[in-house]
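Going by the order they are written in, the chains are A, B, C and D; count residues from 1 in each one.
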Amino acid sequence: MSKATLDGKAITLDDACKEAARILSGAKFPLVAGLGADVPGGRAAILLAERLRGAFDHMASRDLLVDLDVKRSFGMFTTTANEARLRADVVVLVGPGLTKQWPGMLERLALDQAPRHGSHAGTPRKVIWLGPDASEVGAIAGATVIPASLQEIPFVLGVWRARVGGRPVNPEKIDAAKLERVDGLAETLKNAKFGCFVWAAAAGLDALTVEMMQALVTDLNVTTRFTGVHIGGRAGASGVTQAAGWMTGFPPRTGFGRGYPEHDPWRFEASRLVDSGEADAALWISAFDGEAPGWSRADIPLITLAPAGAAPARGLFIEVGQPGVTHDAVLMAQETGGLTLRAATARSDAPTVAEVIDAIMANVSEVAPC
Amino acid sequence: MKPFTFTLRQEPPQRVDLSALTPDRLAGKSLAEIEKIEIGATRASTKVGDVFQLAEGDLKNVRYEGGSARFDLVGAKLLPEFSIHVEGDVGLQVGRLAKGGKITISGSAGAYAASGNEGAHIEIKGNVGEMLAAPLAGELAGMSGGRVVVRGKAGARAGDRLRRGILIIEGDAGDDLGSRLIAGTIVALGATSGRVGYLNKRGSLVLAKRPEIGSTYVDCGAHAFTFARLFSRALKADSEAAAAVLSGKLQRYGGDTAVYGKGEILTPV
Amino acid sequence: MLTVLRGGHVVDPATGKDGVGDVWFEEGRIVAPPAGGRADQEIDCVGHIVMAGAIDIHSHIAGGNVNTARLLLPELHRGIRARLANTPLSTAKWSSYETGRLYAQMGFTTVVEPAMAPHHSLQTHFELNDVPILDKGALTVLGNDDFLLRQIRAAEPASAINGYVATTVAGTKSLGLKCINPGGCEAFKENMRAYGLDDVVPFYGLTSRQIFQGLQKATQAVGIHHPLHLHMNNLGIAGNIQTALDTIDASQGLPLHLAHIQFYAYGKEGDNAFSSAAAAFAEKINAYPNVTVDVGQVMFSQTVTISSDVLKQFNSMPGAIPKKGAIFDGDANGGGIVPYEYKISNYYNAVQWAAGLELFLLIKNPEQVFFTTDHPNGGPFTTYPELFALLMSAELREQMMSRLPAEALKYTTLPSIKREYTYYELAQMSRSGAAKLFGFTDRGTLAAGAVADVAVYKESRDKAGMFRRAAYVFKDGDLVVKDGEVSHYKRGKTLHISPRFDKNINKRLDSYYEELYGLPRGIFDVPDAALPHKDAFAEVACKE
Amino acid sequence: MQGIVRNGVRIDDSFAEAFPMAATGLIVTAPTRKWANQAAATATGYATSVIGCDCEAGVDVELSEEETPDGRPGVRMLFFAFSTKGAEKALVNRVGQCILTCPGTALYSAFDGDVKVKVGDSMRQFGDKWQMSKAIDGRRFWRVPVMDGEFLVESQVGVIKKTVGGGNLLVMGADWESTMRATEAGVEAIKDVRDAIMPFPGGIVRSGSKVGSQYKGMSASTNDAYCPTLKGVTKTALEPDIGCTLEIVIDGLSDDVVREAMRAGLKAIIDLGPEKGAKRVGAGNYGGKLGPFHYHLKDLLP
């Protein structure tokens, strides 16, 4: 049985949905945030935000917008994990904690095996890992590990790009021995048949770093083939971003205040909206693990959709199922780069995010556009 | 003649879009019509008259008595010959895509100040938020002309993708000053931090305090630059201190060699 | 409810009708005029043109590549207008919702997305599902996929190839097969930068010719109505007319659909070594009734090119406007998204524009040529009304030509062509012919029994205005557009086929996926239950 | 043609006839006065007459450190040509060969003008992709790396389409020394007039010409009527007391400037008087039918 509580006291699901609708309909600028949901859940949430003329944001927007900002302000080469697995002869992993961002990465990319497609099939794969964390240093047998802190990674990538292009670097920072190693690596990159960078913005890389990496990929593609696999953000971020894209034309951090979508990553950042007092009610969706919102203000009406046990002390809480765990869920699959239906692993009758939001929506009267 | 004046009644309950209140767009409108202009951006209406008391005056010059960090897009698409003064703070994107004219802010400005500025002279006496003069999401170039003078501090990534024009930051600059410069000139008098001039194509960063020089900037020696003398003269009226930095010999670091190696960081010898 | 559209000029090539008459419908279907029957609702259509709802056979409206284009260009589609009541997101530019609204306003009721990657088909269906009002369909892309290339390399029996093709089409819930630069995307992964009809795909040792001919045969064998939908090699390259003519010669007398052929109608004449070869192309098509084509007309506008021809898109990147793009090496084809602006002052764009119109006007049978702009590659689908107006008026074409670079006009026959399309011919192209192409028997016509998808246009000298805002549009008998405005949404279906095949192939594919990818093949499925709306699909019968 | 007499100098009742030209102005600066002057002298060399040169050019005025854009010593030069295109071509060649090459120099447009022609834009590629563009106050400059540092050159230079070329004074005296003394006095006076130059050597030309020739195909030849050695054998314009004629030719940015320059020159010559200087002053014209600008000496008298 699904549970709902209001300030810790149990209420019926029906009443909870009505109360949620009342709160959100009464707000001047409600926020639909977290968006930790499967694609149907994210889709329903965006429709609700539109009807309410509020704004929506995802809890992993920072990470997804890192990649998207590079794509939309520079350009991007990407491929699927499958293609990297089957074809990449040089794989460059960038950043710490990739195996945490994507626990299946090592198996999926089969980095210990030779590529199977292309004229170079069967030749051993070269794996380079720039800046893994301590636990990852020995994770791949035969990999070349290049230690680097998160702060150093952008500079290392810059030096690689300079040397791939045959341009000088600062001799005070890069001594002769180091330069020789970099030049060796630059040769490896240039001689790759189908090279592939693998990165996760969530590991702490920012847009400038990813742009440098993609610029290097662009340079390499002048003479050979190179591309990238990016590891998507947590809590269904990639799938929800796709839904936001086809529904509104924009990724999360989009508002409907004027009756049409406006995308502004600064204005519609959830925590800022709440902390500045611009949002006057919030629906927080966190169906995967009940992660709590990051804002500090606690005086606006809050509705939380989260799994059992993740009820906050205050506000309205509606228990929802976990996508792909308690119910079948459509999610962006990191291993394929596409949407897929994940069957439930521990089915329960907890409602899905989409079901709860549809029920809330049914209690929201159509807001007349002005 | 006195400027056309908007006097703040009270802090608006939401962010307001003031792009409609530039001199050219107000021309020909009566006070009553102006009071009815919608400036809110949510379903709760906010009109000019709700936020401001109006006093008629010379429409070439608009003055705000009282500002707010919620005043977005002040002076957006401003045209040459016009001016706007705000006695107080402003929010996002002041001077966005301004073609010319003069904007002065006595207080501080929010993020994306002077975004896409094409020719306005913008002076901010206080601090500015991040992404000064930067492009908005998806755009490929930031400010393309004009001059911006910040007396206080600037936030992160000031001058991102600057294409043309001059930024003068008298206070400290946030992280990653001059990221992705296409061209143009930034003069920063205070401290800098982070990856200064990262992915710089052909821009010039003139820094009064020598930063940590990155791995892809290469020392080209100390030189007397004629262009610096030219700039020194031209910037004197806006910033004596900036002019002073430019007047002497400068150490040149060529970079970002990750890109073309055709931009530079210049610092006093 | 029995409705009659009274006194309009009914244009219905499927039944040969072209004159004043009434159209009756009830319960979502066209019905014969009831003897002495009184309608519950009577709509005066005097002075109006009445046609079946239009069918767009090739328009990129859904799928990961389309969505990448949306996300790539936020600065080009900022909203400006609040939506009307009952039409959520209808003014969200480039959204699936706006797509439905804009098509409906033009009297379109069925649209086919022509490039669905098998491994990403679930997203395509999600997006199609969120296109309101319209019925949709998609074509599945094969021809650069490892399994098929291995099959052809191994000279497997036709039954095995047929089985693979059929199970893929059935599993991805599409209307047929598309083949995009067969082998070319695979070759690009092997760092080839140019790839023609008889170039060999490294690793597989196959030519493009072998691949598409194989798929052409399989398409026929499994009863897919729509001919193989071919995006040829060398798209956009000066002198590529030869590729196109050679491809037609290679068509084996079997049905073949050539997509957006304007992009292949190029010679190498003139100082710019770029000229229209459309006249020769049209002559060839006139001689090959087994070939159908859509044009991919260029319309002068800012747009974005979206294609699974990754090699071509990579080569286009230096000319991007604005200068950015995304190149995706997919499991098979992948995609390239490159924004572009066609300018009337640009010599090359002017030749492209003229070549497209020449093709329309020189191909004799309107049921053999379709009106696409290859949305959005040659221009957005919203430019169709302007395109129709150009086809219907030599005078309008002349006005446009006077604005083109004079040099461009020297290398096209367009100035000499006086033909003007009639409403009837327009309806052949956009209704009856389009229905035939997909084997639709229930649409593209106003015959009794057909779905009551009807478009009514108020006749006007301004043809573009007339077709941009239909006076009335009925979808399944429901009035969804009045005076050019959508009043409310209804939910259309996604049309698909279930070709027959030997199920043995599935076991083989299961183990192929397991062995090669280490993944269950089911991860790529399109289960009905995955979509947010039940009854999303409707099946269309295959050929006997 | 009996005119007026001033301070004993006979002034012809005649007029100088001048033509419309397109003009541009450049300011060259250098670390020292010497190199600024050197650059200007080189850049304005071989530019006496459009009859045989690509343009007519000269130094307008030397500029102090306070007067130049970059605070270095400078020289303002003017260039006159028949057309904007002609001016552009001449400038690109001259700047490329004489300023770019000259140590320490930088080059600026002297005025906005009616239209712009490319100067820096046309030679930036000398930088072989190392050049950098800098814009300030609506003006754009190129920094072109060269062996002594950087050559700073303005991307575009203003052209004034309607300027005046060919203002003149014919200075006639008893002998070469006295005539030259008067002419030099005139030249010195005219130098102080802004926006005007005297393109001939030292501002003076001795080879005045007439239209036509006894040779076929030559359109102009020596003005024999003013050649003192031919007084007896040709239809002379010279009185017996005239033994030498020198001409000052003036190009100016406007009608007023040329008038002002001629007035200043005339005054200096008259002030010097007939004993030490010129006995007579005339002006060259073609009967008034060819050039739209006519400067009557009687109107210019002090």
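The rule is simple: a contact is a pair of C-beta atoms (placed from the backbone, for glycine too) under 8 Å apart; a residue touches a chain by one contact, two chains touch by 3 or more.
Remember, predicted model here, so these are calculated numbers, not experimental data.
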Dominant chain pairing [most C-beta pairs in contact]: A-C
Furthest chain, CA centroid comparison against chain C: D
Cα-centroid distance, chain A relative to chain C, in whole angstrom: 33
Between chain D and chain B, distance of the C-alpha-averaged centres to the nearest whole Å: 46
Chain A and chain D, separation of their C-alpha mean positions in angstrom: 71
Contacts with two or more other chains, residues of chain C listed in rising order: 72-75, 324
Interface hub residues of chain A, defined as touching at least two other chains: 72-73, 258-259, 262-263, 370
Touching two or more other chains - residue numbers and ranges from chain B: 136-140, 260
Overall pattern in which the protein chains touch one another (line/ring/star/complete/other): other
Pairs of chains found to touch, sorted by chain label: A-B, A-C, B-C, B-D
Touching residues (chain side chain A, partner chain B) in the complex: 28-29, 53, 69, 72-73, 154-159, 161-162, 165, 167-174, 208, 211-212, 215, 255, 257-259, 262-267, 278, 367, 370
Residue ranges of chain D touching chain B (in the complex, touch as defined): 29, 69-72, 106, 129-130, 132-138, 141, 143, 149-150, 152
Complex interface listing, chain C residues touching chain B: 72-76, 322-324
Chain B residues within the chain A interface of the complex: 13-15, 40-45, 70, 92, 111-112, 131, 135-140, 161, 176, 179-180, 195, 198-199, 213-219, 256-261
Contacting residues of chain B [partner chain D, same complex]: 119, 145, 164-166, 183-185, 202, 204, 223-227, 229-234, 260, 262-264
